[in-house]
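Look at the two complexes coming up: subunit A is in both, with subunit B in one and subunit C in the other.
Here is the complex of A and B:
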């Protein structure tokens, strides 16, 4: 646990340093690298001076770095010339959508992954197990953005059943219940494709754990005690099969969840962080990109932190060991 | 480890399918361009349906989609193999050094590796590429730099376990130097893990390159499957997706699935508990 903390702090500093160093490593001055040459030409002298002073261009690099750190810790993430807004505020207005999408998808997909993994592992080698295994292996090979695009085309266009873009219908004039149902309808496609993408990693880990757990002596003991089949499956073998999901993916999970939801949001123009990043690339709005990278990394680290807590809850041995 | 890989392969239908698909894709990528048109030539035909002249129709600026697909596949294969080789080489060097030397070096390496593992790698890659606008070679180097950490961790773990094996002790007792131990005993014994690492890294590289290009972060002069999907996705409301977006996505997925099958075979070989699963 303690060791992980060190890694989290290093990870955060890697991102901060990348944010700081990349624009400055390029030929030319960093401010034009961040805001774009063409934009800088158009700006008035006052604004240019203001931006230059904000980046402390005239000072030595080391003190620039410390000033950058100091301004970050004050919550200053920069200013977006495209949105004419501070990056911090901009990110905060996009964040809730990402959190909602991600949170729901993680809960629902873990539920399905565990159930499918446990049932599949229990019926090892039977038809249903093989069917699940092969279809999930094959679907896990499909890149997330391709799955999302197929969902979009199939359900949105071919069937025409669900809205494809954004989080709500613009100028619809819905009131009360109408707003809620409109919002939920917009959530269905992004959410279901994200769930589809998040099921395979959890499924494989749970199934593999199940395969080794059902051979353990404690399962034989549970049978000898005369426990019911489903109690052994979920209460004994199943519970122990949850552990690898948290431990083995622990560090990777944050990344999988976050990058998954970013791609999904881009495809469905869902107004979360993913869309913001996509648009900032299109509009060459690099301060937003820098800020998003920082915030997304922070998000990943927080998810990992919760995974670490969950890990102790699921596997009490860890707590006794410390 | 004495493992008969060929025998395992003969039993594993998935892995056979994986190898056959990869070989077919390689042949496809190497041989077919001889017969196809140049992928960059514009024509008057815009968003045409498939016909004899253009097997998969044309895109919005009149280029032949079929030949672009093959060149895109070439890019994916090139990125996949070279990133696989480079990042696996780095992870073998770092992993074996950390595991074999131990001590402070190991601690420092592991803390940094863990730090890189929690990063949202594809986002970092997008960020760096937006600024430095890499060509294909720089892209390969860039992906490798952010890809080796996961497999280095596994290789380090295996090296730690191997170090304690009797035959290594025996060799050391006979007076073999540390460098000899590393080159003649430890690294050859890691053979299977190195192959798994290569497959794993190659697969991740395919996904990352395609993902970056799909988002729109790619060099304008390289044709890649992700870029084709990026272009095609702008016209998703047209029926053209069937011969534009779909083939590109399926080709990419085929490559990824076959690499997964191979990876699973190698994992099963290493972890006997998963056998006959």
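Here is the complex of A and C:
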């Protein structure tokens, strides 16, 4: 366990060092690399001063690095000229939406992917398995923004049942329970389309794992023991299928957060990290982009760390192998 | 308790069990022995009703009657009630037979329906001599022997009436094996047990009845003691001969050919050294005699030479006093005795070179009345003094082919080919240089092999070897003995081996008899 701590810390330092190095390795001075060529001409004196002091341009690289680290640990991620706000504060306001959306989507989709995968694999070749398999294969062929758009058109426009954009109704004047229900209504479409997108990979993997696990000798033993079908299915075959499933989910976390949120939040104009990243790319708002990516990487690191702990719990052989 | 009647199973077109009939009653431990792939595990799974999970397209016919219920007709739900509570199984200890991510204690506990089984499990583990503190370990943390103990604990924990043990001791070291055998014996009293194994030691130690399986057929069955001490089917004997038991002194011999089961005739005939025409055409039935069942058209291993009540007196000195014995197909009987005890006289009497005063000799159950060429085609002898046994006027080719010439059964070219073949069998060159050399050109070891080649060229059924290695140095002697052993394995040669050397006798014999003052007695070598 100690070793793993160390490797995470090393990874973290490599990431922030890269974050520090990239603007400085670009041609020209880092400030123009970050804010654009003509930034020094256009800006007012006090902003210039702020930028200079923030980046410590005049000091040697080594002390720039340590000052950068120090300010990073104070929560200072830079300043967005576009939003006219510090990047830290900006992220704090966008982050919770993404965490909520992603967290719920990952939990709910994992649950369904796993259960469907187990049931489908157990009934290999039967009607229900083939139905699930083919419908999920077909649905997984659509790109995520397409599915999001389909949901938007069908539920938002055709049925008109759910709000189509944002996280809450502006100027609605809702209070108490009204705020919560309005918030949840806005969450339904992005969340359900995200779940829809996240199910196939987990489902395929679990189904495959089931197919090979039900041929394992311990399943024959479980059958000989006269255990109930559901006990064999979940307690033995499913239990072992959980191992690759958790690995895969852990490895996909980064992709899920960045690309998942990017497309879905854009389509539904949901005010999360995806929208923030998208806008900062459009506006060449590098400080925000840099800050968001740093936070996302940090998030992925943390998730991986917990996945590692979880992994030892579900597959005790891992611990033994160290 | 369990009665299997005409049990046949097949996967698609591939028939695995071809009509098994046997019975396991209470307090019986029945060992099912046979090579890998003969259907032992299939039988175990068929009884448990698990075959359908192992393969697709499984077909089962016949009956598996357990306490009056035909298990092969039961539905899955009904089988579930019988599985483990009435019939349990210890599977072969393969990788992943225990769920790798669940502690073994939990895997035992899930069998018990009650919530509180801890004390029962601990008691059982203690009986197994399994440290209770290790009960929460995962399977990968346990040794093979410990895993085996866990599986046994599982199998016996519900106190079932019938237990199937599939290779319970394979992959275990000697000490843990003996330990487990003791535990199994203890737990199995008052139960019926079916033990499927290729470990003959375990079978012999645990079981009281033995069923020998070959190619999905029962070819021999009977009490374990009988089957092991006096196997009657050539396959059973081959199996026992291939197994390095603690007391075995003879070099290991296998069974010729490879397991490839045929459906025409007897399943064993391609590998059987005593197969005759009917064996290739008709499947033998399992018939009972003297408490033994055997499926063989020849009623088991046949006696090739039977000697009864042979007497011989030289000048008032009684050399042989009523000597009787049999030499069976594919076996080596050694006659041990001091010089001058009458060993060679006995050999010469069998060969018809000396007339006995009394007694008779039978060849393949027919009394020998005249020693004609038909007799010598089947019985050949290797003489003690090799130089005297070869004419110095004949070259090697002439010496080796002389028996063929006498039998007039081959053309000249065929004779040369046969000579070359048999010489290569004994490890001699077939070059012209060698064929046309004379005995005085060759060393003692080479001459001995020429003599053996000459004895083998007619493919005799019986070989009488009178001190065939006494003139040889140890390394050549080892080669010659190995050669004879190998030829016996391939051809099922019955050998009467005459020697005064105890060490040699130990290495070559299936049985040893000692001749002393004209009387022949069975001798056990350890």
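In this text, the second predicted complex is superposed on the first by the 245 of 322 C-alpha atoms of A that agree within 3 Å, B and C clash if a C-alpha of one lies under 4 Å from a C-alpha of the other, contacts with A are read in each partner's own complex, and residues count from 1 in each chain.
The definition used in the following text is that a contact is a pair of C-beta atoms (placed from the backbone, for glycine too) under 8 Å apart; a residue touches a chain by one contact, two chains touch by 3 or more.
Computed from a prediction, not measured in an experiment: that's the story for all the values here.
Novice: Counting only touches as set out at the top, which of subunit B and subunit C does A:236 meet: first, second, both, neither?
Specialist: second
Novice: Once the structures are superposed on A, label A:59 by its partner contacts, choosing first (subunit B), second (subunit C), both or neither.
Specialist: neither
Novice: Looking at the overlay, what does A:126 touch: subunit B (first), subunit C (second), both, or neither?
Specialist: In the superposition, A:126 contacts neither subunit B nor subunit C.
Novice: Could you look at A:211 and tell me whether it touches subunit B, subunit C, both or neither (first, second, both, neither)?
Specialist: First partner only, subunit B.
Novice: Overlap the subunit B and subunit C contact sets on subunit A and report the shared residues.
Specialist: Subunit A residues touching both partners: none found.
Novice: So in the complex, the part of subunit A that touches subunit C is made up of which residues?
Specialist: 216-228, 231, 235-236, 239-240, 243, 314-317, 320
Novice: Name, in rising order, each residue of subunit B that touches subunit A in their complex.
Specialist: 14, 111-112, 114-124, 126-128, 130-132, 150, 207, 210-211, 214-217, 229, 233, 236-237, 241, 245, 249, 252-254, 256-257, 259-261, 264, 273-274, 276-277
Novice: Can you tell me which positions in subunit C touch subunit A when the two form their complex?
Specialist: Answer in residue numbers: 45, 48, 50, 53-54, 79-85, 88-89, 91, 94-102, 110-111, 138, 140-141, 154.
Novice: Considering the complex alone, what residue numbers of subunit A touch subunit B?
Specialist: By the definition above, subunit A touches subunit B via 3-4, 6-8, 10-11, 14-15, 18-19, 22-23, 26, 33, 124-125, 137-138, 140-146, 149-150, 152-153, 157, 208, 211-212, 251-252, 254-255, 258-259, 262-263, 266-267, 277-278, 281-282, 286, 289-290, 292-293, 296-297, 300-301, 304.
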